[in-house]
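Going by the order they are written in, the chains are A, B, C, D, E, F, G and H; count residues from 1 in each one.
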Amino acid sequence: MAIEGVKAKEQGKVYVGNLDETAKRAKQLLIGRLKLGKAVDWATSFSLWPVHLTTSCCGCEFAAAWSPRFDGEQFGALPWVGPRQTNLIIIEGTVTRKMACAVKVTWDQMPAPKFAIAMGACALDGGIFYNSYNIVRPWEIIPIDVYIPGCPPRPESVARAIVDLQRSIRSKGIASKWVEEGVRPDKPLVAPKQDVCSWWRG
Amino acid sequence: MSLVEVLASIVFYPPIYQLVIVGLIVTLGVVIIILWFERKATARVQRRLGPYHVAPKLAGMPQLLADLLRYAFQEIIIPRTVDRGVFITAPIIATVLSILPIAVVPFTSIPDYWPIPMDYSVLVALAISTVSPIFLVLAGWASNNKFSIIGGVREAFIITAYELIAILSILSVSAATLSFNFIDIVNAQMNTAWFIILNPIAFMAAFLAVLMSTSGFPFEIPESENEVVAGPFTEYSGILYGLNMGAAYMKRFAFSIILAVAFLGGWSPLTPGEGILYGYLLPSIVVIIKAFILMMVFSFLRSVYGRYRLDQALQGAWRLVFPMALIGFGIGIIEAYLGLT
Amino acid sequence: MPEQQLMLLASSLLVASMIVASYYVIKAKDLVYASGALAILGSLNAAFIALLGYGLIAAFLVIVYVGAAVMFIIVSVSMLGGAPIETWEPERGIISAAAVAGALGIIVVSSGIYAAYTSPTSPVDLGRIASLIVDRYLVVISVIFVALAATLIEAIAIARRRV
Amino acid sequence: MPLDWSDPFVRSTLSLVIIPLLLVLMLLMAIMFLRIVTATSRDVASLEKYKELRYEAGNPMKGEAKSKVSMQYFGFLVIFLAVEPAIILLAIALTVPQALTGKLLYLYGVFIAVYTPLLLYAVKEARRIEAWMID
Amino acid sequence: MSVSVIGGPKRESDLKIPGTEVRKIEKDLYEVFIGPQHPGSGHMRIIIRVDGDVIVEADPDMGYVHRTMEKLGEIRQYIKNIPLFERMAIQDACNVTVPYVLALEKILDIEPPQRAKYLRSLLCEINRIAAHLYGFGIFGVFIGHSTMYMWAFADREVMVELAEKLTGARLTHSYPIPGGARRDMPQDFPQAARKAARYMRRRLEEYRKIFLDNPVMKARMEGVGYIPKKLAAELGVVGPVARASGIKYDARYNDPYDAYDEVDFEIPVFEEGDALARAWVKVEEIKQSLRIIEQAVDWLESHTSEAPIHDKFWAKSPPLWKKVFEKEGRVKLLPMMATMKIPPGKAFARGETARGEIVYYVESTGDSIPYRVRIVSPSARNAIVFKYVVPGHRVMDLPTIYGSIDYFPPEADR
Amino acid sequence: MPARPVAKALPKRRGLFEGFKGNIAAISLGVKYLIDPKRFTLIYPNEYIKLDPGYRGFIVLEKKKCINCSSCARICPAAAMKMIKLPEPDPRHPGKTKIKLWPVINYQRCIFCGYCVDVCPTEALYHVPYHDIVYENLAEMDWDLETFTKPPDYPTASEGMPVKYIVDEERGLVKVKAQEGEQ
Amino acid sequence: MVMAMEDVILGQLGFIAAIAMAVIGVYGFASSRSLVRQLLSIEVLFNAVLIMVVILMSFSPLNATLLAIALISIVSGEVIVVVAVIAAVYRFSRTFESSIMEEEGV
Amino acid sequence: MVEGLRFMKLSEEMVRVVIEKVKKELGDLVKSVEEGKGYISIKVPLNRLREAAVKLKNMGFDHVKSLTVTDYKKKGVFEVMYMASSYLDEELSRIIVSLTVEIDRNNPRMPSLSDIWTSVEFQEREVYEFFGIHFEGHPDLRPLLLVPDIADLKPLTKDFIVKEEPIFKS
């Protein structure tokens, strides 16, 4: 009897308190039963809002990519102000040690199905600053989806990166799987080797 | 009764129709279309394309749908630093309150289809509209974020600037008709002329007040991104932010409906007739179209103007627009005195 | 009639939530939320008054009191920095509260005014009120104008720093 | 006895209280549901340690946010609050019969006469922001 | 905020009763970080302390884009430094590299041929317009006028297109090299340049209507960020900021280089010293730059095409190179350029970029790499404005000032 | 003629009416562009810019022209161009191999400065006129000799049609169709 | 006129609310020493008074309306002055403590 | 046009006049005055630096264009040059004078000139972090560009070595 009571209690706990279970069921309901996965992927791919984080001079071409001639907004990508409302981060060139902290913080503060594009030679392997003592390779801090070579890349390249990202989101169903599993399925998480904000003294 | 009739009687039951059908569904549609229009029009003035690839044949119309869906399926981060309860509920209440004024605006002159038969519907509409900003301020405070709090306080200051102007200028219509009843107001307009012609100064003031109240350019100060990021909504993510973003537009829609009824003659070219279709649906569509045109004008201004500074907006409101509203009010009384309406 | 019962149900709910809101006003740690609760209290109060049949007062209350005065309090409080640590002296409070409760209770019960309420037979006539204001109480209203103007000057004089 | 759905009281309660309340509840539930649906797994949360901290323009959190934001436009607030009741009082008098509009005009005149010089003064005072610093 | 007790012996006794502590709110200033992830700042952080809406203290925290150019310049060959220094301000690439090349030429004691000078000046002016438009765009978006941003960037594309025609790259031209320039002007260039100039002049009129004379924008700019002449000289601000404050200084005028002593143009100087004046300086400068472009194009068209590089690097070139030049207008580089040794010496050179004067100090010890390169870029010198001009303004003025001084962090941080 | 400083003054306009006029001017300009936007937006994947032949795009090695002189690697400012040592049959001593140096490029670093192309004594390197290629992983960008000797895939060309921009007096830039076969 | 039962209950509910709020308001006013909290308590008290006024004056709806309107106007006037005083006190003493006023003899 | 002179658009005459003037004004303060390429170099002893700066400022050299420090590791000194010029005086604005001092490399301390030339304030901070030179009397001597742990390495001194990659790929 006692055991049964305990069991019932535990079960009750599971039922009420275990959010993971509820979440799983809800996800299954939405993505699995209601077949919303496609819609989520579609919506995410056409609503990639890059967060405003100009890390370096590639920002010029980033700005040009949203200028009338290249108009990034035609892809539904609207540069937005705060990280909480966006889902794409474009690393615009060099990430210095000081900036690495901002990159990490911004990336962390973006809500989940989120993507990253590294723009410019500096963001790949340092470009012309490959042996500088003050730069950090962004792929050591955050997982990057698309790399754009060039210094600076032409705005079309940015557009191409967005198109590429859109296609892979839709073809691989990244966003819906991400929502379903709560974690990005096809890319490992990146853990920075050292604390990039260690210099920050509040 | 057939099923259609039952359904119609439920759907067209005034509170449900005005709040759920017009208030929520139409507003959502209008917001989506107006946001699309805003982006497209701004893009046009700015010599670019605007949303396009999401549906090239529809000129990118579903863009906002995509944004909405994306927001819906984005993680809702509730930071550890915020005050959870208020953080979540305040924007919801603000959103619902911001469309609530629609509930007291009649869309037709037939009493059966008034949601609330009331002698002082103008006053009540104004009263309801004054409450919702409070929750925005609270949301900003609950966010526990420097930018949010500054944004919230700015919001509060902007309220002080526009609220009186809105009240005065919209009531100038009441002054001219000596009634707080929207029906009387619309009837008066149908008898003489629209109040936008009879009292353009009041309309201008009301227009500016609405612009301020919904932080449209050039008064987009509480959310002025260059200092306070997203104002009171800085910490909101996912659908909560989508709600917040929609709330300003919903409020603008509610106000536009009030303006359309008060100044643009309501259902004016149409005389509501018998039956739900002629008595309720068509007049309401006329009103909504008028409100929509107003909203398009509001949206267009975004591409021409930047934003004022907070103190300039306050000063401008008190030194230029408030006297304007007062004069408009005076004109209203004088019109009543002369018996023009 | 069901409408009446509905009304009673609504009003008892309103009363309950009013009491909760007013308790929250006193007890909330954060003064901004306390003021927010005051706004809610004001709105509920307006709703109750509207239930009593005085819609005009309700609208007036919401516009002037909730929309302006409480807004003003909220802004001032948040500008003054939210919640500084307060000192509470519950003894003082309990004593006075008990006294007030006793006194009010005795007055209300003994004088029988608890049964004084009669719902207005017809909605308040706006035209009558307006006529009263502009006809009979013209001077009074003018005086109120002047009084409000005086508070404005007073407030400016007090709140402003002498520079 | 069934409810009379066309009763003004029922209608106003429905449209001003119950439906809005239901809307609020619905939205709240929808949001809670979506929050549960879109929650990320724990391993991500452990890696992204800044996620749940306050947004501070790309910096780690610092200082207290709920602090004094004493804007110097307090004066405008004061004006607003002092003028608002007067305006509404004036507005309430609007529903006079047409015969009395002369008196209404007179009241309006009184209002203008009382408040114009005052407002001029008050706005002038409110613009001197250095006088309105809380400290 | 701190917890403390208001002084006085009477209160001391109160302290013993629990629950009577008083939290004293000191005149604590609200510390707000503007940046680095903030739409009101680019790649920098400005720590402002506000009292309500008034900024009491502003502390520019630069270095978010510090890419150690001076150090890298010390370990790389002279010619490799040109692309390196160019990355300071890529939308103004030619202007920031020309003074470096000038310094090298001073040490080498050579002078580029006239054609190279004109070509460089031509590209410099195209860059200047592009950079001014960039600044305009950023300024516009900073005070909330997104149309200004879009228009400026749309018209900037015209200039970029010209530069691309001339050099083969959109922004990072790496155009000047010691002793000359890397490419000659293509055939269809003059016509396009003249068209662009006429187009630009008309557009400036429209800018005036929608931005500079727009009452809303004017209200935001007028009297904001006022820098009197004395203060401007004291702070050593440069470029449009200085010229808007009435300082008659322009490196093109005070120390002419390249073709600037042969073309006819004006240095607009305003006295007002506020954000509006700074915007107007840019407009006037764009007009003058258009004049220079037209003159340079005329000159280049009327003179025969020859390799725009000093004979030292061209005289002994193989025939293939001449063929390449004739066919594509491309100047081949000598392989020895890579490891070119430069005689010992120190040189100091200045040039006027769009944002102001840039100075280079190059010290050579006769090696193939410089011993020391010191760069002081205009934005680095203008950064001091944040500290001395911003306090006392309202929070909403900060972006106005930031935008109007056209601060570009990668340039400032080097 | 040398430059000269000229003192200018802001156009001074004051008053309510001027403000009104300014507003009207701004709004009417906005309406003008709303009606005729004069836009020249590139609708990207459907159209792509055909760059001038002189454009400094991706770099390709013509192996047979290369004389293995290492000049390109020496001048490369980003150390993107490196020489690799590859054994190769020695033509003079059959049966033996000799080590030859070949340039390879690393697009993780290349800044497209074109120095290598300009310095190559035999024009063994040339630019292809396209630039908009992106990669999904880093390793793909470090090219080996074989990849370096042929032009990179250009997916855009198969998706859209080429356009060209020409400078125009009225509209700034005008988008025109690039002729097929036109270089 | 016969009083409907519902009316009486409504009135009693109003009284209950009013008394409860008055008690709470007085409690808050007396027990807190923070000026702001005292202001809020007074506002609660005011809400109680308003309900009472409306109920008590209900035999004459016009008068009730007029009185309530006047009351609300005056209270919002009062709020400015009180907040102004709080700001002044705060500026003077850097606290919201009411005892500071007693000490300084304000 | 004489080669090599074109860059100083002003005549040699003018430079000479300025040199004379500087010599006269500064008198015995200067160690030497020379004409360099693009600037006039004035060497002063460290202990008279402030005096010389004040005199230069009074002459009309109202701002500093560049604070250049060079690390001569072999000599064991830092050479600190204040490249000053003028805005308000048009003649002087064509000329750049460099006020040069040498300080000990192992004990880098010198008086700050930021109260004389405000424009040098940020550059002194920069030099402080890159070279570790301590400016006495500077109002706000903090690192400007670098994060603290890198600033400790004093990256612009010749002790801090950055390597280029070889041109061969292994």
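Everything below uses one rule, namely that contacts are C-beta pairs under 8 Å (C-beta built on N, C-alpha and C of every residue); 3 or more make two chains touch, one makes a residue touch a chain.
Predicted model only: the values in this text are computed from it and were never measured.
Visitor: Please identify each chain that touches chain A as well as chain F.
Guide: In this structure, the chains that contact chain F and also chain A are B, E, H.
Visitor: Once the contact rule is applied, which chains count as partners of both chain E and chain H?
Guide: Where chain E and chain H share a partner, that partner set is A, F.
Visitor: Taking contacts as defined above, which has more of them, A-D or C-G?
Guide: C-G
Visitor: Counting only Cα atoms for the centres, state how far chain D is from chain H in Å.
Guide: Using C-alpha averages as centres, the distance is 58 Å.
Visitor: Could you work out how far the Cα centre of chain B sits from that of chain D, in whole Å?
Guide: One centre to the other, that is 14 Å.
Visitor: Any idea how many Å lie between the Cα centroids of chain G and chain H?
Guide: Those two chain centres are 71 Å apart.
Visitor: Could you please state the distance in Å, as a whole number, between where the Cα atoms of chain B are centred and where those of chain G are centred?
Guide: Here the centre of chain G sits 33 Å away from the centre of chain B.
Visitor: Chain D: which residues touch two or more other chains?
Guide: 37-40, 51, 53, 55-59, 61-63, 66-71, 73-74, 77-86, 88-89, 92, 94-97, 104, 126, 129, 133-135
Visitor: Which chain G residues sit where two or more other chains touch them?
Guide: 69, 72-73, 76-77, 79-80, 84, 87, 90-91, 94-95, 97
Visitor: Scan chain F for residues touching two or more other chains and write them down.
Guide: 26, 29-30, 39-41, 43, 45, 74, 76-79, 111-113, 165, 173
Visitor: Please give the residue numbers of chain G that touch chain C in the complex, ascending.
Guide: Residues 1, 3-4, 6-17, 19-34, 36-37, 39-41, 43-44, 47, 50-51, 54-56, 58-59, 61-62, 64-66, 68-70, 72-81, 83-88, 90-91, 95-97.
Visitor: Within the complex, which stretch of chain H touches chain F?
Guide: 164-165, 167-169
Visitor: So in the complex, which bits of chain C are touching chain D?
Guide: Counting only chain C, the residues touching chain D are 1-3, 6-7, 10, 30, 47, 56, 60, 63-64, 67-69, 72, 75-76, 78-83, 126-127, 129-131, 133-135, 138, 141-142, 144-146, 148-149, 151-153, 155-156, 159-163.
Visitor: What does chain D use to touch chain C in their complex?
Guide: That would be residues 1-4, 7, 9-10, 13, 17, 66-71, 74-75, 77-86, 88-89, 92-97, 100, 103-104, 106-107, 110-111, 114-115, 118, 121-122, 125-126, 128, 130-134 of chain D.
Visitor: Using the touch rule from the top, collect the residues of chain C that touch chain G in their complex.
Guide: Going by the criterion above, the answer is residues 4-5, 7-8, 11-12, 14-15, 18-19, 22-23, 25-26, 31, 34-35, 38, 41-42, 45, 48-49, 51-54, 56-57, 60-61, 64-65, 68-70, 72-73, 76-77, 80, 84, 86-97, 100-101, 104-105, 108, 113-121, 124-125, 128-129, 132-133, 137, 140, 144, 147-148, 151-152, 154-156, 158-159, 161.
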